[in-house]
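Each of the two complexes below includes chain A, the first together with chain B, the second together with chain C.
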Partner chain A sequence: METISLDIRGQICPACLLITLREINTYKTELRAGNACLVIRTDHRDATRTIPGTVCAMGYDITVTNRKGYYEITIGCRK
Partner chain B sequence: MYSGIVLTHFLFGIGLGIVMHRSDFCMAGAFRDLFLTGDFFRMRALILLVAVTSLLLFIGRISGLVASYPPSFYGVPSLANLAGGLAFGVGMVLAGGCVIGTFYKMGAGNLVSAFAFSGLLFGSLLFAAFHPFHRSFAEATQLSVGYTAVEHVTGSPIVPVIVGVPVALFFLFRGKREGKWKANAYARGYLDPWKAALVISAIIMASFILTGRPLSVTSGYTKIAVYLSDKIFPGYHPSPSAFNYDSVRFFYGKAVDGSREAGVDPVALSQVPLILGVILGSFFSCLALGEFSLPPFPPKKQALSGFAGGVFMAAGSLMAGGCNVWHIMGGLPVFAFQSMLFVAGVCLGSIAGGRLLTKAVLRVEAP
Partner chain C sequence: MSRRAPERSGGKEDLMKSNERLKRYIREKVNQLLSMMGTRPLDPAELDDNSLLGIDPIGIIADSFGQILEHLEDTNRKLISTKDQLQAVFETAGVCISIVDPDLRIINCNEMQRKLLVSDLNEKQFVGRYCYEVYCGNDSPALYCPAIETIETGRPVFIRDIKKKGRYFQIVTSPLKDREGVLQGVVEVSIDVTEKKRAEEGMRQAEKLSAIGLLGAGVAHEINTPLGNILGYAKMLLREEGLTGEQKEKLQVIIEQAKRGSEITKGLLNFSRQSNPSFRMVSLNDCVQKVLYVLSAQIERQGIGVIKKLGAVPPVKADSFQIEQVLNNLVINAVHALRQTPGGLITVETRRVGDFVETKIIDNGEEIPENVLPMIFDPFFTTKPVGEGIGLGLSICSGIIRDHGGAIRAENDKGQRTVFSFTVPVASNDGFPQ
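Our next item is the complex of A and B:
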């Protein structure tokens, strides 16, 4: 499975959500087919609310992992 | 007395910094999300803050705890409040945070907010250049003679409270029944914004009780800007009248004058510790959660947007007689006309700022 990485640490709100949505749209086919997952690095606390909330509503699976100094949000196809 | 003023405001700032960082209580986000994506989550908490503060202040007034009420420091409204709000609204969306949002985000290590802070300082100095025009505009567009708050029109202070507060609370509790108050956030130590709103209301109330006035930061960062300007460009003072009026009132109505000029006076002793407290409170909160790290340099457009947003916010605050801390956390709860006009301007500015940000800075489509 291909891993698409997106580092949006230090970016202003609402860039975190909007850039994530743009990336999901770009790799929609791969993500839907389960051939890729999108891994986002963010240090924006509210992005751990807005991204999972919006992306789950679109039918994707998400996991959020606490890393030192940032959060890692993994978006993949719902099994 | 002065050490008490410094300590009190520093502690207010520390409290605000911690609570705002934990909940990401972003007032810019409340307006921007509402108009850009239709997300009402943050606005709900902000309305709760205003409604609860209004109720607390009313109780404080009838119990004699709040000495300075009705609010004499909110003057006669003019279109300058609306125009200032408009500029402020554009600025806070471009900067990714309002004035106090810039402070707590900067404390948590956000570099765009550091650019916004430098924009606030630069914008404060820039304001002096068009201050004479602004003053003429404000005087020519005054909208009432002597009426500064709704209670002056209704004739009774209880009328706006019994109409406004229950309507807001009914609306909010309907949202609570629908489960819209609690956030599904994964951030460490996350505090739901509605809880943060209650803590912030208590801090505002404490400010009214101890100092007789709402919290304020505009004159504080303006003084920092003028101080730095005096050091870097000695002798440069584009408009001497731009910064030399303001006053603060401390401890049960004992009036102490101050100004926005550089120098140590009660304005500096109250507002600078408050600003410092917010930055440090957020910094320590971030450190305690193990979140602090120096992030990569933000995209250049966002850094520039942050700086420009800071300039707009500073100019807007000085035009409107205060920023969102002064008007939304202080003026709206006492139904001051100036603050209502400011908020109307902020709504318009947020719409314009949202379009500018998505089209020109981020180049993405809003959902």
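Our next item is the complex of A and C:
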């Protein structure tokens, strides 16, 4: 499975959400088919609330992991 | 009327104003959309107008909404499919299921519940009505209603052997709560245990009969000998010469009473069935015809009508003498029940039910009180006047049918008729419809 990485550290909402949504829209086919997952790195705490809320409504699975100094948000096909 | 051309400087100003208005409009709409997605509005200090157009937030959000709609449609399809599956399981479940709201008004119920407890009402007529009215036929809830306990405690309740509309049920009620835990109603699952209960009663009856049979046989043997002696000596005395009329009369009483005692002991021996039945291929229809022929004079004397509905039933494996004894007993009981009934009618039916032949003797006489029905096959239980019956007839019938591997039952049919029915296993299927 292909991993698409996106580092948006230093960005704040709503830019974090908009950038994430743009990536999801771009890789929609691969993500829906389960051939790719999108891994986002962000240090903006609000993004761990706004991104999962919208991305779940779009039908994707999402996990948020607290790393050292940033958050890692993984978005993939719903199992 | 001529149109005046705008002045050059005024036109530029207007265009700038219009441009500002449009940019403001776009920012407002973008912020409105962002707010719908649960995030903060755009900060003009962080994102100037050129960057805003470059990011194309409306386009991004529109595509995302497109995916949300796709996902919703997909979820809707799955929900409808799951609902259909659950509905099919709900409707075809072998138990009664009903859902009532916290006021005990019916929301929904399945096919089995409608069949056993709703009677003649259609869905529009029973939905929204109180469950105790529709299912129990009462004006108010029962004292120990499990649904009320579940509403009050929010916990499941299990209750055994509740009687509703003449049938026995085991009931489990469970709370139906929404995501916030607020009670929305009660799911009531009822299992019809009427047949199981009857079978248990049959077992208890069989054990009781067996014990009484043993006792009866012993007593009958012991009493038969002295009774025979009393009868013999009384007859001898009666032949003596020089007896007064009063003495002869008293001896006759002794003889009659000894004979009656002898009849009772004979009944007891019959009840314990010391004689072995001899099973053969027997036509139940022939047995019915024979018994009705033998009793025809008595039936006609009382002006009772007889209807025979004899089906094309296969032969049964039975002792014809004993089956005729059962039929004889049941028909005579029906004749007795019709003594006070003008226009008395006895219907005798035979039909095949699975691997059994069922025989019904139905009369339109006075019904058997509900409290008497459970005891009707008990030995020495009788509703007849003293001296007319000793209460062994139906016990003997019950024992005979049990020995044949069948079942015997008495019930009131909608309060208008009394129905005695018994089943005997089929001996052969050759040439008879299943």
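Going forward, the second predicted complex is superposed on the first by the 79 of 79 C-alpha atoms of A that agree within 3 Å, B and C clash if a C-alpha of one lies under 4 Å from a C-alpha of the other, contacts with A are read in each partner's own complex, and residues count from 1 in each chain.
The working rule: a residue touches a chain if its C-beta (ideal position, glycine included) is under 8 Å from a C-beta of that chain, and two chains touch if they have at least 3 such contacts.
No experiment lies behind these values; they were computed from the predicted model shown.
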Identify whether chain B and chain C fit side by side or clash on chain A in the overlaid structures. clash
Determine, under the contact definition given at the top, whether A:Arg22 touches first (chain B), second (chain C), both, or neither. both
On chain A, which partner's contacts cover more residues, chain B's or chain C's? B
For A:Gly69, decide between first (touching chain B), second (touching chain C), both and neither. first
Which superposed partner A:Thr48 touches (first chain B, second chain C, both, neither): first
Output check: A:Gly34 vs chain B and chain C. Expected answer is one of first, second, both, neither. What do you get? neither
In the superposed arrangement, which partner chain does A:Pro14 touch: chain B (first), chain C (second), both, or neither? both
If we overlay the two complexes on their shared chain A, which of chain B and chain C does A:Ala57 touch? Say first, second, both or neither. second
Chain C clashes with which stretch of chain B: 37-45, 163-171 or 289-297? 37-45
Touching both chain C and chain B, counted on chain A across the two superposed complexes: 12-15, 17-18, 21-22, 46, 49-50, 53-54
How about chain A: which of its residues touch chain C in the complex? 12-15, 17-18, 21-22, 24-25, 28, 46, 49-50, 53-54, 57-59
Within the complex, chain A is touched by chain B residues 21, 24, 26, 28-29, 32-33, 36-37, 39, 41, 95-97, 109-112, 183-188, 190, 290-293, 295-299, 302, 305-306, 357-358, 362, 364-367
Per the contact definition, I'd like the list of chain A residues that touch chain B in the complex. 7, 9-15, 17-19, 21-22, 43, 45-46, 48-50, 52-54, 64, 66, 68-71
Which residues of chain C touch chain A in their complex? 34, 37-42, 46-47, 55, 57, 60-61, 63-64, 67-68, 70-71, 74-75
